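The letters A, B, C and D name the chains in turn, as written, and every chain counts its residues from 1.
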Amino acid sequence: MINVSIAGGTGYTAGELLRILLRHPEVNIESVVSASSAGTPVAEMHRDLLGETNLVFSDAFRQPDVIFLCLGHGLSRAFLKENDIPASCKIIDLGNDFRNDPVFNGRNFVFGLCEQNRDRIRTANNVANPGCFATSIMLALLPLACRKLLTDEIHVHAITGSTGAGKKPAETTHFSYRDNNISVYKPFAHQHLEEIALTLAGAGNSALPQINFVPIRGDFTRGIFASVYTKRSETISEQAVTDLYEAYYRSSPFVFVSKQPVNLKEVVNTNKGLLHIEFHNGYIHITSIIDNLVKGASGQAVQNMNLMFGLDETAGLKLKGSVF
Amino acid sequence: MINVSIAGGTGYTAGELLRILLRHPEVNIESVVSASSAGTPVAEMHRDLLGETNLVFSDAFRQPDVIFLCLGHGLSRAFLKENDIPASCKIIDLGNDFRNDPVFNGRNFVFGLCEQNRDRIRTANNVANPGCFATSIMLALLPLACRKLLTDEIHVHAITGSTGAGKKPAETTHFSYRDNNISVYKPFAHQHLEEIALTLAGAGNSALPQINFVPIRGDFTRGIFASVYTKRSETISEQAVTDLYEAYYRSSPFVFVSKQPVNLKEVVNTNKGLLHIEFHNGYIHITSIIDNLVKGASGQAVQNMNLMFGLDETAGLKLKGSVF
Amino acid sequence: MINVSIAGGTGYTAGELLRILLRHPEVNIESVVSASSAGTPVAEMHRDLLGETNLVFSDAFRQPDVIFLCLGHGLSRAFLKENDIPASCKIIDLGNDFRNDPVFNGRNFVFGLCEQNRDRIRTANNVANPGCFATSIMLALLPLACRKLLTDEIHVHAITGSTGAGKKPAETTHFSYRDNNISVYKPFAHQHLEEIALTLAGAGNSALPQINFVPIRGDFTRGIFASVYTKRSETISEQAVTDLYEAYYRSSPFVFVSKQPVNLKEVVNTNKGLLHIEFHNGYIHITSIIDNLVKGASGQAVQNMNLMFGLDETAGLKLKGSVF
Amino acid sequence: MINVSIAGGTGYTAGELLRILLRHPEVNIESVVSASSAGTPVAEMHRDLLGETNLVFSDAFRQPDVIFLCLGHGLSRAFLKENDIPASCKIIDLGNDFRNDPVFNGRNFVFGLCEQNRDRIRTANNVANPGCFATSIMLALLPLACRKLLTDEIHVHAITGSTGAGKKPAETTHFSYRDNNISVYKPFAHQHLEEIALTLAGAGNSALPQINFVPIRGDFTRGIFASVYTKRSETISEQAVTDLYEAYYRSSPFVFVSKQPVNLKEVVNTNKGLLHIEFHNGYIHITSIIDNLVKGASGQAVQNMNLMFGLDETAGLKLKGSVF
């Protein structure tokens, strides 16, 4: 059994991690650390866990084999400075601290996009879990990047559920505002652009064209729906593009190319990524869907843990979708 | 033209009042008072008003004919203490300060349920606008109360939209929580029970039976759907009950008895109240629907103003429903 | 491994059954029967199953150990007449054919409310799976019924998600109608009243009082939220009622009494039932929540299968909730 | 008073037209024609109209000054063949029959985009009302087209509410499918592309570049949110672009340029169009929002009627937004 600690236990990604890990056959959750909630039963905060766990928030971890950092963006560095993590303890960071800047305090963080870095992750001690928007967009583009086929501007609109904005209430997550509403935020300037660019360039497409990305707030809770298109290079036929994607994801247990158009709820509450490819106006058009809290955060983090500890990549992650 | 001032101009009921009054043929909005937002254009706060008004929040009213108090529950008394309102200026309070305790500082507040108190409101200088839940439930029961036919316990479940909870974000108005969710709050203990009881007793049913009221948070933004039942007295036939309701509301321009079952969106964005009556198990079962922000708050407040100033009761209130 | 066949494989309950059974450690799905879709891959109809199964709809079952009937209400009898099911094959009917009329063709159907009939189900060859509304309401009342404490009228309002209305589109399941809407249907006359009454009387409360049940269409997809109250008998204290519920459900792995008020999404996508009990106005007020497709249909059916085959009652049913 | 007839009175656009025209100060609705529903009270079909009208569906019009055709796409030609419309009767077609093919039976249909064709509409006897997606996209691009500034490919993602799909239930308008869901349809191939191209070219941008348009089904009922970008020509500065838009729409009573980012509900239930403009990566990025049933259909049709009959363009159209 792997002894697991979760640091920053009260937020959405920690809750989702708990839901997954409590059902994981190879995991023992040794501690859920929260300075503000120490002493409170975990199921009082994550109330859906009533009857599923007697865990209590603690103010410190003990001797975990791995720590998941669910601290919020920019807080992982401070945590590692303040806490003495034994070198033998692996770290999986769900924040954005080490995605683009992977070396810290003698630790080197591998970018945890399993479909790209599966082998490196297997031997990693530290993993920077990718962002949710980034995951959906990278899955849509990786096969092309590996073949240096991204030669023209890339156009992306992606719609996210409200859980991507976190637990703290705000004007744009107020139900009266968000219900039946749509809005754009940070157009052409979302912070995930950097990790997307680094990843695609790192995959082989070193001369990466500009990515035009318009993020959209959707009036649903879970999931990201990305619509991505870029010019098809004349050096590759439509059929060859489709074959490329199928070959690329053949060994990935969670990513599939759908012949039919996809709708977001096909992946909600699962660790799956679904892609659908069409060709129009000289463009390759890819729709890419994930659950932002699972494949876009806590599920992918567990997938990384499985790889890092030599387990079956799908252990604990064959989740029943909610579909409706 | 009636010169109107709105005190407490940034919340939901003030916004809705503005939307209505800006289209009212007999109204000039002289000031929208907000200490915290003085100097800010109203359309920057209530952004749907872009292109509809150049009003700017002010820190004081001038010489209004009527002030609407949209200050939040319990704050109207303090406002009247701190501000010297000329005796000639009428007051319509949208808070709950004077509903059950109508005398203050020489002013006497008439309870502003137009369908019950139309004549008294016509001559009133001060009106306490009813609560939203209360309005939907009182409309369902008033005809029976007037005939002293409420003789057995009254059972009420009523579901409210999120705008009833106001603008300030909270856990239970977070989109991630509320979307696709249902919960109960303050069962058997909602603060509107008092004004309901006072009103029904005052309408003639002095020996009022117990009212069991379970309020429910719905996952929609606008409206209240009340399901109400009480034993039918043997002294009145089913047909006579139906006739009683139709007669009671015949002179009311906004309340109708529907022969068909009703659904909430039939009244959303209007000042209407719809009732549907059935008879089962010896009970009279009434479904009653209103828009909580219109008939349950700002629309009813304007209806009161129309009556107080001798205008057509429907002036400015023939609103197009949104239906979908 | 248990060989399973599903008859009527294209609807919502069949899809949900597939999602659960494909992850069940002791099950082999031998056939998914659909006359209309024979030859079509199952994942083309239930598209979320892409990558999870290669099953194809067939026009006949082979030699299953158990058949789940997902045929729609009233169609199970015809199916059993037209198909020769070997006596050795167990049957679990998700329709309403045998709930109130359990003997047919030499088969006797046990009512499959696991929390009440656990021992009888363990030896049953045929089970009639309870209705979704009925499950939520019976769970709220069973402990009282077992002690003959239901002595006064019972008042129920219960709100259901749209999946309860099935896959076939209708006016009241049209998104443009249902979104942000609420309506009542079949007030005081829902067909589940009979199985509720039979069950509570059978549990010991033979002199059952009238149940007043108002079913409500909610604008969400999954779940039932039931609000139930009845007078507390003076023979039992408030504390004793709470103790009674906790004792009654202590041995049930899926039903829990929550000290905190519950909200519907705490159980969505799980097989759990949560109850919360308060005391007001002399009443016991119980809120009861389930997922209508899981505990209210396919999950409970699998729970029944587990009991019938001597498996751990929770096998394949420790589902991660979606919560958001 | 203008005598109005509506042909095809039972669908969504006819209902919305009725809601608007019943409040229009200069209109008398002489007939609502529906072959299938003749004899039925209009308020039984459009149930929100209870208490607002005693109109009954008829099987023929009498002597209207104008007929609105709400027959469904492709059915207007057949209607005009089968019905002898007097030459003196004006026609406003809400279908797509005459948008791209404007001459029929001696009648010439002016394209009814008021902001572009205001003067031509004033003297027109026949108007082809624009499509909903088309309206939102054309409003975003017209000022550039008039100055021949559309020189590079145009990229559009636009999300529509479910009412755009009409009243007839379908898989993709089933609440269980659509709630909390997102999907793409007809990417790069939507039928509105033709009227958009004709309009922009006709406005002066005769050498029109390719338009890449991805339509998206949103999980809301009313509204279209369009995100549009195209390269900014070096011949025009950012400030000049903004000035161009403000100048273009200065005389339009319903279209406004917002300095702040917009969200869809700012226009829902109104006839307004809001635009917000930003500059990134060398692109002009425009978000454009309308209510698909009002400005995108029935509201714009009434705006056309107002122009055709010499009324104030805003008569009957100063609608209170629902906002929430």
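Please note the rule applied: a residue touches a chain if its C-beta (ideal position, glycine included) is under 8 Å from a C-beta of that chain, and two chains touch if they have at least 3 such contacts.
This is a predicted model, so every value here is computed, not measured.
Peer 1: Give the label of the chain whose average Cα location is farthest from that of chain B.
Peer 2: A
Peer 1: Could you tell me which pair, A-B or B-C, is linked by more C-beta pairs in contact?
Peer 2: B-C
Peer 1: Between chain A and chain C, what is the gap in Å from one C-alpha centre to the other?
Peer 2: So the centre of chain A lies 34 Å away from the centre of chain C.
Peer 1: From the C-alpha centre of chain B to that of chain C, how far is it in Å?
Peer 2: Averaging C-alpha atoms per chain gives centres 40 Å apart.
Peer 1: So how far apart, in whole Å, are chain A and chain B when each is placed at the average of its C-alpha atoms?
Peer 2: 46
Peer 1: Spell out, as numbers or ranges, the residues of chain A touching 2 or more other chains.
Peer 2: 12, 161-163, 176-177, 179-180, 219-222, 262-263, 265, 268, 324
Peer 1: Of all residues in chain D, which touch chain B in the complex?
Peer 2: Interface residues on the chain D side: 12, 15-16, 19-20, 23, 44, 46-48, 50-51, 161-163, 179-180, 221-222, 254, 256, 258, 260, 262-263, 265-270, 272, 274, 293, 318-324.
Peer 1: So in the complex, which bits of chain D are touching chain C?
Peer 2: 12, 161-163, 165, 167, 169-171, 173-180, 219-221
Peer 1: Could you pull out which chain B residues touch chain C in their complex?
Peer 2: Against chain C, the touching part of chain B is residues 155, 157, 159, 161, 176-177, 179-185, 187-189, 210, 212, 214, 216, 218-223, 225, 227, 229, 261-265, 268, 278, 280-281, 283, 285, 287, 324.
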